[in-house]
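One chain, chain A, links the two complexes that follow: it is found with chain B in the first and with chain C in the second.
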Partner chain A sequence: MTTGQLMPLMIAIPIVMACLILAAGSYLPRVVTDILATATAAGVAGMAAALLIHSGHSRVVTWLGGWRPARGVSVGIPLVADPLNAGLALLVAGLVSCALLYSWKYMESVSGRFFALMLLFLAGMEGFTLSGDVFDMFVFFELMGAAAYALTGMKIEDKTAVQGGLIFGVVNSLGAYISLFGVGILYSRFGQLGLPQLGAMLRQHRPDALVIVAFVLIITGFLVKAAMVPFHFWLADAHAVAPAPVCVLFSGVMVELGLYGAARVYWVAFGGTIPHADVTRAFIVFGALTAAVGAVMCFLQRHLKRLLAYSTISHVGLFMMGFAVLDDDGTAGAALYVVGHAGVKSALFLLTGILLNRYGNVDEHRLYGRARGDRLTACLYFAAALGLAGLPPFGLALGKSVTEDAVAVAGYGWAPVLFIAVSAVTGGAVLRAGLRVFGGLGPRPALESTAGAGEESTGGEEKPETGGLPRTPVTMLLAIGILLAGSLAAGLLPDAGQAFAHAAQRFTDAAGYISQALSHAGAAPPRPDPAVAWTGEGIGLDFLSVALALGVAFLGLYARRLPAALRRSAAPARPVIAVLRQVHSGHIGDYVAWLFTGIASLTALLGLPLL
Partner chain B sequence: MSRSARLVVFLIGAGCVAAMFAVAFFKMPAFGGSMHLYRDLAVPASVSHYTANVVASVNFDQRAIDTLGEETILVASVIGAAVLLRPAEEEAEMRPKAVGRTLEATKLAGYLLLPVTLLIGLDVVLHGQVTPGGGFQGGVILATGLHLLYVTGSYRALDRLRPLELFDTGEAVGAAAFAGVGIAGIVVAGNFLANIVPGGTFGQLLSAGTVPILNGAVGLEVGCGIVVLVAHFLQQDIIISAQAEQAKPGGSSEPQAGERVGTAERS
Partner chain C sequence: MSVYPYFVAAWLMLVGGYGIVRSRNLVHAVVSLSVAQAGTYVLLLAVGYQRGALAPVFGSTTKPNKHVVDPVVQAMTLTDIVVSATVTALLLALAVQVNKRQGTPDPDELQALKG
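This part shows the complex of A and B:
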C-alpha cells in the first residue's frame, strides 16, 4: 500500500465504522461500541501520522479513481497532503480519539448514534483537510456541518440546546450556500474545480470582478466556520449547549479548519492573481477585530463554556493574523499556535464537562468554592488555564511568540500589544473562574444576573451529560492528560519548531503544490526553512502575558473592593460593553443581517484597492 | 436589535451582496455558449467507461467521492433527525387510535399505485447509467411509494409494514457499501473508487462498470434513509404529540386518547 492510498481510507474507514455501529449498535454491548469507535479514530490518527512522515519528504498526491490530469486539466478530484494539512489531519484524529475516550459512559440514551455521528464528523473533517478540489471541500464542509448541528442539539431536554443547534445550522448552512455560489461562479469561467488546475489558470489571469467576487463568496463560508467577527455569533451559542467532548472538536479544530480552508484556497488557487498586500490588509483587519471582540466578551461571561467559547473566537482572530501576513514565519507560528491552543482549550472544555457532571451546572457564580477539595481536577485546570495565558513551555506560548513577532515584522508593530492583551484577558477570565470555583477566592459573587438586556446566560440550568458519576472515571482524566501532554510536546520537543517551519514553507509554496499535483514532478528544491524556536524576548513576553493574566484574574475577583475613584475611571467602557452585549442577542435574524454586512465589508476591503 | 434596525443592517449588507452578484454575473460566459472545458473532458471520459449517462459518470465515476460525501451527509442528517426527534425524558409515546375515514377511491388508487411506484423506483435506480435518474432519485421514489400506505390506510398499517430497525440497517448497509466499493478499488486497481468492474455494452443495462453498483448502494441508502427520516417526523407528530392533546385542559381522558406505551422506551 502506498501513502497516497491512505488518504481516502482516512475518510472511508470512519464512514464504514459509523455505519457498522449504526447497524449493529443495539446488539453490541456499550463497551464494545466505545472501544470500536475510539479504536477507529486512533487508527485514523495512526494513518495521519504515517502520512505526515511521508509528506515531510515530498507532497503526497492521489487522483481518486485514477483520473489523472492531462495537459493541466482533469475531470477528477485530487487529495493532496503536505506536512501542514497532514499534521492538521493528525490533530483532527487525535482530538476525536481523546473526545471519544472521554465519552466512555457518556450520553447513555443515544450512545450508538452519538458515536456514529462523531465518526461521520471525523470523516468530514478529514475529507475537508485532505481535499484538493474546491467543490469537494464544500461537500465535506457540509458533512462536518450536518454531523455538528446534530451533535450540538444532542441534549434535547434542554430547549436552549435545540436553539443553539438551530442557530449553528442556519448560520453555517447560509455560509455554505454562499460558498457554493462562489464555486459556481468560478466554475462557469474556468470549467475546472481542482485547486491546482484553478491555480495554474488563475496565475495568468487579471483579478477582475468575477474572480474577486468568487473568492469572497467561497471564503465567506469558511470564515463563518472560523467564527470571524461579524460571522462569529453562532459559535458561543453552539458551544454553550454542546456536550463537552463535542466542544473539544469545535474549538480545538473545526473552527481552525475554516481558517485552513480560506488560507489553502487563497494560496493555491487565488494567490497568483489577487495581490498579497490586499489580502493581508483585509485578513489583519478581520483578525484583529475578532481578537478584540472575543476577548472582551470572554471576560464578561460567567457561563464557563460560553467563556471558553469567546476565548476561542479571540484566539482564532490571532491565528488569522498569523496566516494574514502570508509568509513562512506567520504561517508556522499560526500552525504551532493552533496545535498548542487545541491541547489546552480541549482540556479546559473536558474539565468543564467534569464540573458539570459532578456539580450539576457550569455557572462560575453558582460553583463558587464548590470544587475546593478536588485537587487533581484543580491542578489540571490551572495548568491548562496558565497554558492558555501563554505560559512556556506549552506549545501555545511558542506559537504565540513566533506569530506576534512575524506580524510585527510584517509592518504591524502594534501586534504584540494585541497578542499580549488578548492572552492576558482571556487567560485572566479563565483563571478568575478557576480561582472562584476551585479556590473560593474573592467575595461571594451574586447569583442573580447583573447584566442588562441582551445576551446573558449563566449556565446554571445546564443539564449533566452522564448519570451522576460517583467519581471521575479514569478514561476522562486520561483524555485530559493526553491533551495537555500534546500541547507541552509541541513546545518542548527539540525539533518541533523546525518541523512547523518546514510545514509552513511547503504550505506557502503554491507553485510546488500545483506542479506536483498536476504533473507528479518531484518537489522543487525547497527554500530554506524559517527559524522557529524559543527566543529570550519571546519567553519574556510570554511570562509578561501570564503575569498580566493573573493581574486580570485578581482584578476580576476583587474589582468591588477597589477605591471608588479607580472604579469610576472604567465608566467610559460601560456603553461599549453594553452595546457589545446587545449585539450578541441570540436572535438568528440579527446574525444573518450581520453576516451580509460582513460579506460587504470583506468585498470592500479586497475589491476597492483593485478598482 | 429592534426589528427596524435589523432590517436596515440586513438591507445594507444584502444590497452590497446583490450588487456583487450582478457584477459577477455580467462577467460570466453567456448561457448556452459552445465553449465548455469540463464538458469537453467529461463526455469522452464517460464514453471511455461505457457510460451513456454522462451525469451518472460524473457523479459516480469521475467525481465519485463527492457523491460518497453527499450520501454520507444524508446518513448524518437522518441520524441527526433521529437524535433530535427522539422522545425526551418527559415525553411519553402514545399509540394513536385509528380515527378518521379514508375515501374508498383514495384507498383503491393508493393500493393500485403502490406496486407501480415501487417498480418505477426500481427502474429509475437500475437504469441510472443509461437514462436520467439513479440511486438518489430512485431511492426517493421507493420511499414515497411506501408512504402511499399512510395515505391509503392508516398510520398503523404503515407502522406494521415498516420495521424501522430493518430500514435503519438498510441505510447503514447502503452507505457502507458505497465506501466498500471505493476500498475495493484500492485493493483491485490501487485507486480509491476506481471503476473496477468490466464496462459492458455502451447504452445497455449492463454497462458503466461500478456505476450501477454504486447507484444500487445509494438507492438502498436513500430509500431506507428517507423512510426512517419521515418515520421520525410522523412519530413526533402523531405519537408524541398525542400526549399534548391529552394534557389540554378539558381534554379527553387517557384511554380514549390512545393507549399508553411507555416513556422514552425506544432505543
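This part shows the complex of A and C:
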C-alpha cells in the first residue's frame, strides 16, 4: 500500500467506525465503546504521522477513483498532502484522541451517539484538511459543521446549550452556503473545481469583478468558521455551552481549520491573480480588529468557558495576521503558534471541565476560593495560563515571537505591540480567574452581575456533565498532561522550528503544488527554508508579555482598591465596553446582519484597490 | 442563456438572509436558511444549463455524441440537497428544544446568552 492510499482511509475509517458504534452501541459495554473510539482516533493519528513523514520529502497526491488529469483538465477529486496540512491532520487526530480519552470518565451518561458524532467530526475535519477540491471542501465543511452543531446542542435539557447550538448552526451553515455560491460562480467561469486546475487557469487571468466576488464569497464561509470579527459572534455562544472535550476540538483546531481553508484557497487558486498586497492589507485589518475585540471581551468575562472562547477569537486574529503577510516566515510562525496554542488552550478547557465536575459551575465569582486545596489542578492550570500568556519554552511563545517579527518586517511596525498587548490581556484574564478560583486572592467578587441584569452570561447555571467524581480520574489528568507536553515539545524539540519552516515553504510554493498535483512531477524546493528559532529579542518580548499578563491579572483582582483618581481615568472606556457587550446580544438576526456587513467590507477592501 | 436565473439565485440568497435577520420565530429563521440555500440550487443548475440539450443520461435514446447539460453541477446540487436535509432537520429539532426550555421561539425574547 502506498502513502497516497492512506488519505482516503483517514476519512473513511472514522465514518465506518462511527456507523459501527451507532449500530452496536446499545449492546456494547461502555468501556468497549470508549476503547474502540479512542483507538480509531489514535489510529488515524498514526496514519497522519506516516503521511507527515512522507510528505516531508515530496507532496503526496491521490486522485480518488483513479480519475487522473489529462492535459491539465480533470473531473477527478484530488487529495493533496504537504507537510503543513499533514501536520494539521495529525493535530486534528491527536486532539480528538485526547478529548476522547478525557471523555472516558467525564461524559458519564452519554451513549454511543457521542462517540459516533466525535468520529464523524474527526472524519469531516480530516477531509477538509486533505482535500484539494473546493466543492469537496464545502462538503467536508458541512460534515464537520453538522457533527459540531449536534455536539454543541447535545445537552438538550440545558436551555443555553440548545440556543448556542442553534445559533452556531444557522450562522455557520449560512456561511457555508455563501461559500458554495462562490464555488458556483467560479465553476461557471472556469468549469473546474479542483484547486490545482483552478490555480493553473487563474494564473493567466486578470482579477476582474467576477473573480473577486467568487473569492470573497468562498472565503466568507471559512472566515465564519475562523471567527473573524464581525463573523465571530457564534463562537463564544457555542463554546460556552458545549461540553469541555468538544470545546477542545472547537478552539484547538476547528476554528484554525477555517483559517487554513482561506489560506489554502488563496495560495493555490487565487494567488496568481489577486495581488498579494491587497490581500495582505485586508487580512491584516480583519486580523488586528479580531485580536483587539477578542481581547477586550475576554477580559470582561466571568463565565470561564466564555472567557477562554474570547481568548481563542483574539488569538485567531493574531494567527490571521501571520498568514496575512503571505511569506514563509509569517506562515511558519502562524503554524507554530496554532500548534502551541492548541496544546495550552485545550488543556485549559479540560481543566475548566474538571472545575465544573468538582464544584458544579464555571462562574469565576461563584468559584472564588473554592478550589484552594486542589494543588495538582492548580499547577496544571497556571502552567497552561502562563503558557497562554507567552511563557517560553512553550511552542506558543516561539510561534508568537516568530509571527510578530514576520509581521513587523512586512511593514507593520506596530504589530509586536498588538501581539504583546493581546497576550498580556488574554493571559491576564485567565490568570486572574485562576488566582481567584485556586488562590482566593483579591476581595470577594460580587455574585450579582455588574453589567446590569440579563446583560451578562455568568456560567452559574451550567450543568455538570458527570455526577460529581470524588477525585479527578487519572485518564482526565493524562489527557491534560499530553496536551501540555505537546505544546512544550513544539517549542523545545531542536528541529521543530526548522520543520515548521520547511512546511511553510512548501505551503507557499503554489506553483509546485499545481505542477505536482497535475503532472506528478517531483518538485524540488525552489527556495531555501527560512530560519525559525528562538532569538534573544523574541524571548525577551515573551517574558515581557508574561510580566504584563501578571500585572493585568492583579489589576483585575485589586481594581477596586486603586485610588479614585486612577479609576476615574478609566471612565471614557465605559461606553465603549457597554456597546461591545450589547453587540454580543445572543440574537441570531443580529449575527446574520453582521455577517452581511462583513462580506460588504471584505469586498470593499479587496475590490476597491483594483478599480 | 439569459442572466435572469442568476438574479433569481442572488435574490433568493439575500432574501433568505434578510428573513433570518428579521425573524420573530426560530422555525421561520431555519426555513429562511433553506430559502437562502435554494439560491445555490438555482445558481448551480443555471450554470450547467444549455438550451436544447438533453438530460445527461446516455443510453439507447441519448447517444454519447448528443449535447447534454453539465452533469457535474447536477451532482453538486444533489449533494447540496442532502446536506440541507441533514442540517435543516437538526436545526429544527434544536429550535423545538429552545422553545421547550425557554418558553418562546422568538429570538428577541431569548435571554440565555449575552455579553
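The rule is short, and it goes like this: the second predicted complex is superposed on the first by the 600 of 611 C-alpha atoms of A that agree within 3 Å, B and C clash if a C-alpha of one lies under 4 Å from a C-alpha of the other, contacts with A are read in each partner's own complex, and residues count from 1 in each chain.
Just so it is clear, a residue touches a chain if its C-beta (ideal position, glycine included) is under 8 Å from a C-beta of that chain, and two chains touch if they have at least 3 such contacts.
Because the structure is a prediction, the values reported are computed rather than measured.
Contacts of A:G586 after superposition: chain C is touched, whereas chain B is not reached. Once the two complexes are overlaid on the shared chain, A:F543 sits clear of chain B and of chain C alike.
For chain A, the partner touching the most residues, choosing from chain B and chain C, is B. By the touch criterion stated above, A:A146 is placed in contact with chain B and with chain C alike.
Of the two partner chains, chain B and chain C are each touched by A:I185.
In the superposition on chain A, contact is made by A:L174 with chain C only, not with chain B.
After overlaying the two complexes on the shared chain, residue contacts for A:V73 are found with chain B alone; chain C is out of touch. In the overlay built on the shared chain, the residue A:M154 is in contact with chain B alone; chain C does not reach it. After overlaying the two complexes on the shared chain, residue contacts for A:F596 are found with chain B and with chain C alike.
Contact with both chain B and chain C is seen for A:V162 once the two complexes are overlaid on the shared chain.
For the contact definition in use here, the residues of chain A common to its chain B contact set and its chain C contact set are 75, 135, 139, 142, 146, 149-150, 153, 156-157, 162, 165, 181, 185, 187-188, 585, 587, 589-590, 592-593, 595-596. Those residues of chain B whose C-beta lies close enough to touch chain A in the complex are 1, 6-7, 9-10, 12-14, 16-17, 20-21, 23-25, 27-29, 36-39, 41-42, 45, 58, 61-66, 68-70, 72-73, 75-77, 79-84, 86, 88-90, 165, 168-169, 171-173, 175-176, 179-180, 182-183, 185-186, 189-195, 264, 267. Of all residues in chain A, those touching chain B in their complex are 1-2, 5, 8-9, 11-13, 15-16, 18-20, 22-23, 25-26, 62-67, 73-77, 109-110, 112-114, 116-117, 120-121, 123-124, 127, 135-136, 139-140, 142-143, 146-147, 149-150, 153-154, 156-157, 162, 165, 181, 185, 187-192, 208-210, 213-214, 216-217, 582-583, 585, 587, 589-590, 592-600, 603-604.
In the complex of the two chains, the chain A residues touching chain C come out as 75, 135, 139, 142, 145-146, 149-150, 153, 156-160, 162-167, 169-170, 173-174, 177-178, 180-181, 184-185, 187-188, 193, 237, 240-241, 300-301, 451, 454-457, 581, 584-590, 592-593, 595-596.
Every residue of chain C that touches chain A in the complex is listed here, in rising order: 9, 13, 16-17, 20-23, 26, 29-30, 33, 36-37, 39-40, 43-44, 47, 72-73, 76, 79-80, 83, 86-87, 90-91, 94-95, 97-98, 101-102, 107-108, 110-115.
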